[in-house]
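Each chain gets a letter, A, B, C, D, E and F, in the order it is written, and its residues are counted from 1.
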Amino acid sequence: MKKVEAIIRHIKLDEVKNALSKIDIHGITVSEVKGCGKQKGYTETYRGSKVTIYLRPKIKLEIVVPDDLAGKVVEVIAETARTGEIGDGKIFVIPVEEVIRVRTGEKSDTAI
Amino acid sequence: MFKLKKILTVLLLVIIISILLIGIAYAGDPTGAQMDGKSAFDALYAGKSVKEAVGLNAIAINFVWVFLAAVLVFFMQAGFALVETGFCRARNATHVIMTNFMIFAIGALAYWAIGFGLMFGGASGVASLGGLKPLTGLFEIVKGWGIFGTKGFFLVGGAYDVGVFIMFLFQMVFMDTTATIPTGGMAERWKFSAFCIYGIFVSAFLYPIFGNWVWGGGWLAKLGVNLGLGNGYIDWAGSSVIHAVGGITALAGAIVLGPRIGKFNKDGTPNALPGHHIPMAILGTIILAFGWFGFNAGSTLAGTDLRIAVIAVNTMLAAAAGAISAMLFVWKKFGKPDPSMAANGMLGGLVGITAPAAFVNAPSAVIIGLIAGVLCVQSVLFVERVLKVDDPVGAVSVHGACGIWGVVSLGIFADGTYGAGYNGVQTTVKGLLYGGSSQFIAQLIENEKS
Amino acid sequence: MFKLKKILTVLLLVIIISILLIGIAYAGDPTGAQMDGKSAFDALYAGKSVKEAVGLNAIAINFVWVFLAAVLVFFMQAGFALVETGFCRARNATHVIMTNFMIFAIGALAYWAIGFGLMFGGASGVASLGGLKPLTGLFEIVKGWGIFGTKGFFLVGGAYDVGVFIMFLFQMVFMDTTATIPTGGMAERWKFSAFCIYGIFVSAFLYPIFGNWVWGGGWLAKLGVNLGLGNGYIDWAGSSVIHAVGGITALAGAIVLGPRIGKFNKDGTPNALPGHHIPMAILGTIILAFGWFGFNAGSTLAGTDLRIAVIAVNTMLAAAAGAISAMLFVWKKFGKPDPSMAANGMLGGLVGITAPAAFVNAPSAVIIGLIAGVLCVQSVLFVERVLKVDDPVGAVSVHGACGIWGVVSLGIFADGTYGAGYNGVQTTVKGLLYGGSSQFIAQLIENEKS
Amino acid sequence: MFKLKKILTVLLLVIIISILLIGIAYAGDPTGAQMDGKSAFDALYAGKSVKEAVGLNAIAINFVWVFLAAVLVFFMQAGFALVETGFCRARNATHVIMTNFMIFAIGALAYWAIGFGLMFGGASGVASLGGLKPLTGLFEIVKGWGIFGTKGFFLVGGAYDVGVFIMFLFQMVFMDTTATIPTGGMAERWKFSAFCIYGIFVSAFLYPIFGNWVWGGGWLAKLGVNLGLGNGYIDWAGSSVIHAVGGITALAGAIVLGPRIGKFNKDGTPNALPGHHIPMAILGTIILAFGWFGFNAGSTLAGTDLRIAVIAVNTMLAAAAGAISAMLFVWKKFGKPDPSMAANGMLGGLVGITAPAAFVNAPSAVIIGLIAGVLCVQSVLFVERVLKVDDPVGAVSVHGACGIWGVVSLGIFADGTYGAGYNGVQTTVKGLLYGGSSQFIAQLIENEKS
Amino acid sequence: MKKVEAIIRHIKLDEVKNALSKIDIHGITVSEVKGCGKQKGYTETYRGSKVTIYLRPKIKLEIVVPDDLAGKVVEVIAETARTGEIGDGKIFVIPVEEVIRVRTGEKSDTAI
Amino acid sequence: MKKVEAIIRHIKLDEVKNALSKIDIHGITVSEVKGCGKQKGYTETYRGSKVTIYLRPKIKLEIVVPDDLAGKVVEVIAETARTGEIGDGKIFVIPVEEVIRVRTGEKSDTAI
């Protein structure tokens, strides 16, 4: 199994969620993160002092899927989340050795 | 949904009944035209002459007036609390508001026990409140040069008197604003117990003594009578007594405590530590402006003194002017308007107009406010960049710098339409622009001291 | 803990002393029974006859009254700021409250320089405030059809007058509520600089001119005298002058700016963009209701006019009724009460009662409020679903729709117990239900215009 | 930046004009010295004798006074809302503030329709407001033992009267504080529909009936006249009628609803469920103290009763004392001052002084407050640890325990300087310490009942 | 070494934490996330418009343990966090190649 | 590729960020977490009841880098974030199988 971790823009969350629904992916965990990369920060002034905000708010998705689905999921996210502007985000694929569904104790692919 | 239906039924009933009731003939007195003035007179002023009753009505008007002003000023505690809390970082919010809250309680008891007596123990003679006859004890080193008062402690004995109590009510909330100001400059850093000691000291001694000199009949007030300097040192509602004292205390405190960790880089350049809740700070600013109407206009201690209209309008105009000039100045200088500076600017304007509020006309009030707004911003930058002092809410600038400006501006702009009899001098108060150079000198004396 | 001990010791001391002091004989005047009315008379009204002094007392009462009302209305700025900020999304909170804050400052200076003169420059004759004698300049195209005033700009010259100043104080804060309303409808979208221009325009020209027609002696007010339409167009405290004008400006602004991104789907169905801080919005609503007492009752410009009691009660009842009917209506319609709509409903009730507050009885006030509450909800849905306009805080519905309803309701429910002499017509104000059809027509005229 | 330039230009213009205007000769009346009292008299009191006019002025002062007090009390709704919301957890904030908001609306209509009539339908004779002549219907089981009133429902017919309306205004906001108190004790748990039913019940029946007995001329008030127990049962502004009733209702409610999930462990030890926004709760506390000035001082129903000064000062001192003693007590006991307890302590002090405010001197007020603060903390611990009741905001302790203390403290500390004529007994009110043991007994009677 | 990532309910946090203490696991990193899966969202109305809340608040635990402890940790979490209702959460086991304790620079198992 | 996950103190964020810049690492994702470990919690009282705060606020960094850079990154973070007091945090190195840049669809090392 794989964990697909995607860092995307806030405004793309709903779209990505819907696109994943269409390929029958429902289990998703979402968190608020901040990030930097190619995208530069910006400066503000507060009471005359400069404040550099170099971390931009982003959304992180974590989706664990069976090995064979990972490619599809990555593709769907990449396409839906793209705007073409700097700051679109990254997708990482990470190996997962075991999955357990807490409610039933089921393991592996059936637990996803 | 079962209960909702019941509620709807009840409501329907109310509507139907209401509609039926609209038509009912009225038998009461829906405009007050049938009010019986004579019975009211007999009930409220039994055995008094008409003339006496008129005087008592006037006193009642003034009591209501002072009460109104006092509660408005009291509410400024909330304003200070919100401004200071909003401008601090989230993790210190509870501590900051706790100091703002407790300072009122501490100050109230200390002022009741000691401060009020020191400040106003010799202030008898306020005709609008019935004379304050019991407050007859001014301690003077030389005849005419009073230092502190000696009556009214604990509000007992002769001071158990409605006139004294209404005076206390107003003066006590006034005092508490002074005590609150430095909490802003020292915010996020001091220990709670140190803060308690500070609170007792300011409210029982520091403020009352200086206050006595200016308002309690002490020596600064007598510069006019004794040395012929205009009407003596004048500070209408406390640009100096309240604000400059508060601001300078804040400065001293901020220096002693040192800056917050991370405020200054090793090379001395300041970092911004943005306030965590700007809407909270703005709400606080509006509450302060709201209370300031009571602060300035209430200082007549008389609703029968119609000058209150001018004072209130001046206060409002200077506040608006301060906010605007601060906002535009920042906009021009840094390319973007900064809400926290605009809020400081309004407070600066208010502080500035506090001394001259009663003595100037509307265009002067606007100019005083405009200058205060810019002064306030410049002072914030100066305190941070040159003095390298960390003043999270701008207390030093808003209250200190603009407070001094307020006292000076009185010496410049007072237009001679008001103030006959003030501090025992029979002429009206005139500033430089209107030919009153001696008043200007009296005003400068305080700044020397600071 | 060392300092805590010290503090505790001090406290103990205070307690002991207090207990000892309880027994001290009192020598003061703890009830005011010994107040010397004669000295007070002599000090405050030296050289005046008793009759004059009674008149001056009445004027003082009215000054205090108008001051009180004005500060309450001023505080509504905080209410608007909180409602609008609470109903917006977190990321725009600072910008939204900044507009609400600066509009006051901008409006105050613009109204002082230009607006007040245009609006009330010809409003002399307000007896309760001493006559407002200096305001004698009404510009009329044809005799009796005034268009704007021409005195009082900058409050200088003859306008440097306590009567004019107290009038200005009240009218200026009144004005600022109008200027604030549209900021809600346009919230989260407009640029700060555009907003500044808007602020100057509304407060210096738009509001003052229309205000002159209704309250400053202009042509709408004279419909009664000139054409025999009841007492002329009546809007007690501004359902139309303040609220409908504000609401319609908000609508226009919201259309011009277009909806927020994400508000409408491609098929035109609206998305909810929930407000980020409902408690903040509710606090704002309570503050607005608090201020509204000053708004409506204060519009007598006279505390000696005992009708203030009826006005205040009507205001409160309509507010309550509006909140209840809006809440129940939403509950019934969507299955759950929605706090944001209940709050809008209370404001709708307040806006609705603003025009008729002085002229109706209690059951009518309740009915006006109930209708306003439902109207307000329906209007919110209409604006969003039919007009496809994005009005984040419901400004168009609360102020626009309910404002128009308020003016009409006066024409229906005015019960003829009050208003003799209003707009120079000697009969009292009577609506349709009480046989006053011509008043009803006068009321409709404004709605035609809008 | 283009627009900024324009704005700056406009501003510059204003400044230049202002400077020019400063010099303009004034032709108005900038101090009110030229106010024409005679014309004002003739305009406002045409055809009245001077004596009548003096009486009417006094009534106007009292109307303005009661209005002021009423709006202050109204604003306490915001205070309660913030305290309760701040002390609850974030996820329930909207629900909690919704109940606080709607209780006002529900209570207002229910009290208007039914409650006011039951409570004050037989309260005629309040001279300071012109007599309240229409309220003549007290229902008595035996002569002199009134149970409820029977006039004034819906404020129609004879009750369409300015005197009745101003009384209603004040009493209605008073009532709503009672209705609000229990929402705190039951916060975070009850269903909205149950809450609505509760609101109607309290405001239409529970509070008005008990209120009638104490303030509406009912049997408790007549203990003095009928049985010779001092001045009868006295509760100046409602330590019992408002607060003990509210607190006990809160206790009952909290027991019925049971604790919040997670509040108590299986072994019965309580867990802390910290409030989510302490600054919000502190702001609420300051607002409550602000409103309390109106609550206590306003209960004279007369601005012409100069005792208002003493009442207001006592209120403030007790509030301060309560906050301090609660803070120090917690500090000593748990090693750290706790802001939420200090806030509760201030409210406890306020509740405690509510009954005796008018009858005691300043040192007594301080002692009453100090005791209330400690009592409040102890009671919180007792309710939680011994009774095992979950009261998120401390409503039971603040209002219930301190409310009872307030009534008792009156029986101890009343110093005999005030209250001649209260409840129809000609002597002043004297407590135990001043030899008034029968008054002390009258005070205990209520506590028996509770 | 393994990283055990568990998505659980808020109300289970304290219990899980205590259960882990009992088997001598003290190093835990906790974050607030939102998630969806079998558990459906719910709709609210706001000013007459529908708002669908499809992401429910959850707690994410991250616990890095030596290989041999991973099974035990998973088991303890699964048992303690279970309510049997839909929405109980998932546990993922992910390989970790290296662990460093910042304070001392220690590496691998001794650093955990 | 590797994902370096570092749990550090709030006050060290800026320093670590700068230190990484110097070795030309710009892509970073940051989130707020809470944690416990060797560092014990503390108790407060609220209205007379004890509240134990056993989770301390920490910052989590996630940095995906090519295999050869992982060691360097770990080293830099470990050195910069160190104060020597308990609670300094941990660094975990986790294998990453694939990286995609959303904006361009680039993959692997070139996508980082």
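In this text, a residue touches a chain if its C-beta (ideal position, glycine included) is under 8 Å from a C-beta of that chain, and two chains touch if they have at least 3 such contacts.
Keep in mind the model is a prediction, meaning the values are calculated, not measured.
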Set of chains adjacent to subunit A and to subunit C: B, E
Touching subunit C and also subunit E, the following chains: none
Interface with more contacting C-beta pairs, comparing D-F to B-C: B-C
Residue-number overlap at the subunit A/subunit F interface, same or different (half cut): different
Centroid distance [mean C-alpha coordinates] between subunit D and subunit B, Å: 26
Chain centre separation (subunit A, subunit D; CA means) in Å: 54
Multi-chain contact sites of subunit B, meaning residues that touch two or more partners: 4, 7, 14, 17-18, 21, 26, 30-32, 35, 50, 53-54, 56-57, 59, 61, 64, 68, 109, 154, 156, 160, 162-163, 306-307, 309-310, 324, 335, 361, 363, 366, 417
Residue list for subunit F, restricted to those that touch at least two other chains: 31, 94-95
Pairwise touch network: line, ring, star, complete, or other: other
Which pairs of chains touch, using the document's own definition: A-B, A-E, A-F, B-C, B-D, C-D, C-E, D-F, E-F
Footprint of subunit E on subunit F - complex, ascending: 2, 6-8, 31-38, 54-55, 58, 60, 74, 77-78, 81-95
Complex interface listing, subunit B residues touching subunit C: 4, 7-8, 11, 14-15, 17-19, 21-23, 26, 30-32, 35, 48-59, 61, 64-65, 68, 72, 109, 113, 127-128, 130-131, 134, 154, 156-164, 193-194, 196-197, 200, 278-279, 282-283, 285-287, 289-290, 293-294, 297, 302-304, 306-310, 312-313, 316-317, 319-321, 323-324, 327, 337, 339, 342-343, 346, 361-363, 366, 417
Interface residues, subunit D side, partner subunit C - complex: 3-4, 6-7, 10, 14, 17-18, 21, 24-32, 35-45, 50, 53-54, 56-57, 59-61, 63-64, 67-68, 70-71, 74-75, 77-78, 81-82, 85, 93-94, 97-98, 100-102, 104-109, 112, 154-156, 160, 162-163, 165-166, 168-169, 172-173, 192, 280, 305-307, 309-310, 324-325, 328, 331-332, 361, 363-364, 366-367, 370, 413, 415, 417-418, 433
Interface residues, subunit B side, partner subunit A - complex: 270-272, 274, 330, 333-336, 338, 340-341, 377, 380-381, 384-385, 394
Interfacial residue positions of subunit E with respect to subunit F in the complex: 3, 17, 26-31, 64, 94-103, 105, 111-112
